[in-house]
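What follows is a short report on a single structure.
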Amino acid sequence: MMNKTKMVPFPSHAIVPERDVDKMPVLDARNLGMDFGGLVAVDDFSLLIGRTEIAGLIGPNGAGKTTVFNLLTNVYHPTRGAILLDGVSTEGKSTAQVNAMGIARTFQNIRLFSDMSVLDNVKVGLHNHIHERFLSAVTHAFGYTKAEKKANTRALELLDVFHMADHAFALAGSLPYGAQRRLEIVRALATEPKILLLDEPAAGMNPSETLELMNNIRKIRDEFQIAVLLIEHDMNLVMNICEGICVLNYGKIIAKGTAEQIKHNPVVIEAYLGNKGE
Amino acid sequence: MDFLSNLISGLSLGSIYALIALGYTMVYGIAKMLNFAHGDIIMVGAFAVIVCINTCGLPVWLAAVVSILCCIVLGVLIERIAYKPLRRSAPLTVLITAIGVSYLLQSVAQLVFGSEMHSFPKVISMPTIQIGELTIKGNALVTLVVSAVIMVVLTLFIGKTRMGKAMRAVSEDKDAAELMGINVNKTISVTFAIGSALAAVAGIFYGSTYGFIGPYTGSMPGIKAFVAAVFGGIGSIPGAMLGGLALGIIENLSKAYISTELSDAIVFGVLIIVLLFKPTGLLGKKIKEKV
Amino acid sequence: MKSNKARRKNYITYAIAVGAFAVTMILIFTGNASRHMQSMLVPICINIILAVSLNLVVGILGELSLGHAGFMSVGAYAGCLFSIYMEQMLPAVIRFPLAMLAGGLVAAVFGIIVGIPVLRLKGDYLAIVTLAFGEIIRSIIINLNFTGGAAGLKNTPQDATFISAFVVVLLTLIVVLNLISSKQGRAIMSLRDNAIAAESCGIHIGYYKLMAFVVAAFFAGVAGVIYGHNYSILTAGTFDYNKSIEILVIVVLGGMGSIRGSMIAAIVMTVLPEALRFLSDYRMLIYAVILIVIMLCSASQTVLKLKEQLKAVFFGQKNGKEEI
């Protein structure tokens, strides 16, 4: 196990090696590979994310972007390669343990607890930070009230980041689409991650909502001092807020770099246009 | 030789379970519901034969045909009245309804025939065959042969005919099948009809194997056939056949060599062990939720 | 504030329970309760405990269990054997609570043994396996000697009273309702709503599934102990899958996840068959028809609309989409 505080220089698979925002990567994926019954879904995927970096993962449909997220959260266990979070390997850990280690995510097809209130959704996110034992749960004594009060305050604080505190007691399933996406982000934030994986956060949002989302993602990074890796098809959003971009096609990384570099990369242009031209 | 005879009567019992399990599995595949009342159709089929032969004096073959027709009508009616309105409801609502239908059939049978057991007429007049030391009961042989023929015909029907194709399509995706011009209601009705017909046949064999029928006779073989269907992988037709046969053999062998009282426990125990290693049954499809 | 609303809802549930208890006690003391009516009081309490605890698995955790009667029987036999052996040594006041604790704990242990392998299964597979476990437990009890075998276990002291049974009902309600509005309860409900998302929030699926399952098994066991101490005789045949289904029916009729609903449905479904006794042979038929009709009505659009309108008339509110 590596010493957590030790400074590691950025290895060559950092998206933007010359960028010097922070010296130690929070997430280090090394040569990840995943096969589904002979079919290679992701191959030789290496990625390094800085401690407070906002990074983008883009690529045509079916490129394997969501599979990468599933690998990073151990929903699928990678066939090859290793994932280091703060220098600690996540191998063999369950999705829940990976979350406790510091990776939180949202889902492409929204997965809220729709029959629970907005507040309770966030409190599920806070789960591992609420100190309530079974005895205090069934008696509502022995520190229950204090723990719940603390959880409520924290949950409302988090909801306030997205100005959703007023709707804390609505059923999550009754929220409009955009709000559901925001709630998923709040719930993921509640788990106190070191890195937040957002799977198409702007999908289905109108331009003004997307603009607000962009500001909010920056705000999250600045206030919580965490890294963000996002999958997104909205190029405007990606080019605007991502400090490093990684392009995936057919399960392989075809390009890495800053927005400017990616925009003018002929391989990327071909992957997108070639895909659309058919 | 003793073992072989036990095996053969186990196969015969198993083929009865398989016939019932087929009904369970086909209905599950198409309507995604556990038809708890399916076991009671067996009882109705058996009582229909008793009435036809003892009261109306019909010949055996005609009694069998009448019994099958009765069950088909009953099965289709139950689907139309009780299950069809619930197609978009929660699975538990449908399950409770099916339990209600099961209670209904049992209580009607009890009102009509009383709660006592009725002796089942001798419908199979095949003598016991003796080959050396091997004894095969005529009844078991007929059950085995007829069930085998039915299963072959059913497999061909589902694999080769238009209706069979429609059934497979509806069980894959009801909405897509409907968009492709398949009459979903008709397909579901046909499925219930086939399942009920199989249950009637199973009822006749069950009656002639055990000799007695009462209003609650259907529930235990029903449950066991349900176990067989799950054992083989619910929704899978070869799975139901395999599960039924395996269950019959396990039950008969444990009755013969371990304990009569514990045979049910052993059957259920084997089911649990199989499911622990193969969570969707022997031939069931592995379902993985897409993340 | 909704958290207050949830708490108020719980208080209403307790109030209904205590109110019903008070009315019954008044009826008994004023001599207005017939012997027949009094004989139904403990069974009502037993069914409430069973339904509320099963609702924890079916409604709150969202997994279908058809083996509740199995846990009930394990608890019943454990508790009754305890009381039979302790009859001379301990007075009823101490013996009966200890018997309930023993029965509940043994059932909980069985819950762990059954739950650990089985809870990996989903939906109908879980249903059939829990049913199978219930039937295995029943077969084994019939074949054991110290359980009295098929003849049944006799001579359990009749320690159960309406008051003691009611106290247990209250305890069950408190534990289950408290659990639901706690960190653990939220984790259990999140599994029901979306297991994948719950896991990504750091919730250990297996642990919380087992928790709901074991708590439910504990109370089923306690209910079994009360049952044994009420009738004094236990036969394994009582606890077959039909008993599990009977409890499930109560839970579904009361409303999945609604503890108050389970309680009320348990009262109705215990009294109703007795009230229909005058129909003698037609009782079962009527019961079956009622069951089917209720289920069909619950799915019918016209009935649902009617319900919404009634709600709007009485409470002046609609379940509209909340704007943000």
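Note that the chains take the letters A, B and C in the order they are written out, and that residue 1 is the start of every chain.
We adopt the following convention: a contact is a pair of C-beta atoms (placed from the backbone, for glycine too) under 8 Å apart; a residue touches a chain by one contact, two chains touch by 3 or more.
Predicted model, so just to flag it, every value in this text is computed and none were measured.
**Student:** Compared with subunit B, which chain's mean CA position is the farthest off?
**Tutor:** Result for the farthest chain: A.
**Student:** Which chain lies at the heart of the structure, taking centres as C-alpha averages?
**Tutor:** C
**Student:** State, to the nearest whole Å, the distance from the C-alpha centre of subunit B to the C-alpha centre of subunit C.
**Tutor:** Chain centres of subunit B and subunit C, defined by C-alpha means, are spaced 32 Å apart.
**Student:** Approximately how many whole Å separate the CA-defined centres of subunit A and subunit B?
**Tutor:** The separation of the two C-alpha centroids amounts to 50 Å.
**Student:** Centroid of subunit A to centroid of subunit C, CA atoms only: how many Å?
**Tutor:** Each chain's C-alpha centroid was found; their separation is 41 Å.
**Student:** Please set out, as single numbers or ranges, the residues of subunit C touching at least two other chains.
**Tutor:** Residues 196 of subunit C each touch two or more of the other chains.
**Student:** Give me the residue numbers in subunit A that touch at least two other chains, ranges are fine.
**Tutor:** Counting only residues that touch two or more other chains, subunit A contributes 75, 107.
**Student:** Which residues of subunit B are in contact with two or more other chains?
**Tutor:** 291
**Student:** With touch defined as at the start, can you tell me which subunit A residues reach subunit C in the complex?
**Tutor:** 73, 75, 94-97, 99-100, 104-105, 107, 111-117, 119-120, 123-125, 127-128, 130, 132, 134, 136-140, 144, 147-148, 151-152, 164, 167-171, 174-176, 178-179, 187-188, 190-191
**Student:** Write out the stretch or stretches of subunit C touching subunit B in their complex.
**Tutor:** Subunit C residues touching subunit B: 58, 64, 117-118, 120-125, 127-129, 131-133, 135-136, 139-140, 142-143, 196, 241, 245, 248-249, 252-253, 256, 281-282, 284-285, 287-289, 291-292, 295-296, 298-300.
**Student:** Name, in rising order, each residue of subunit C that touches subunit A in their complex.
**Tutor:** Touching subunit A from subunit C are residues 1-3, 5, 174-175, 178-179, 181-187, 189-190, 192-194, 196-205, 211, 257, 319, 321-324.
**Student:** Going by the contact rule set out above, which residues of subunit B touch subunit C in the complex?
**Tutor:** It comes out as residues 28, 34, 82, 85-86, 88-97, 99-101, 103-104, 106-108, 110-111, 223, 226-227, 230, 234, 259, 261-262, 264-265, 268-269, 271-272, 275-276, 279-281, 289, 291.
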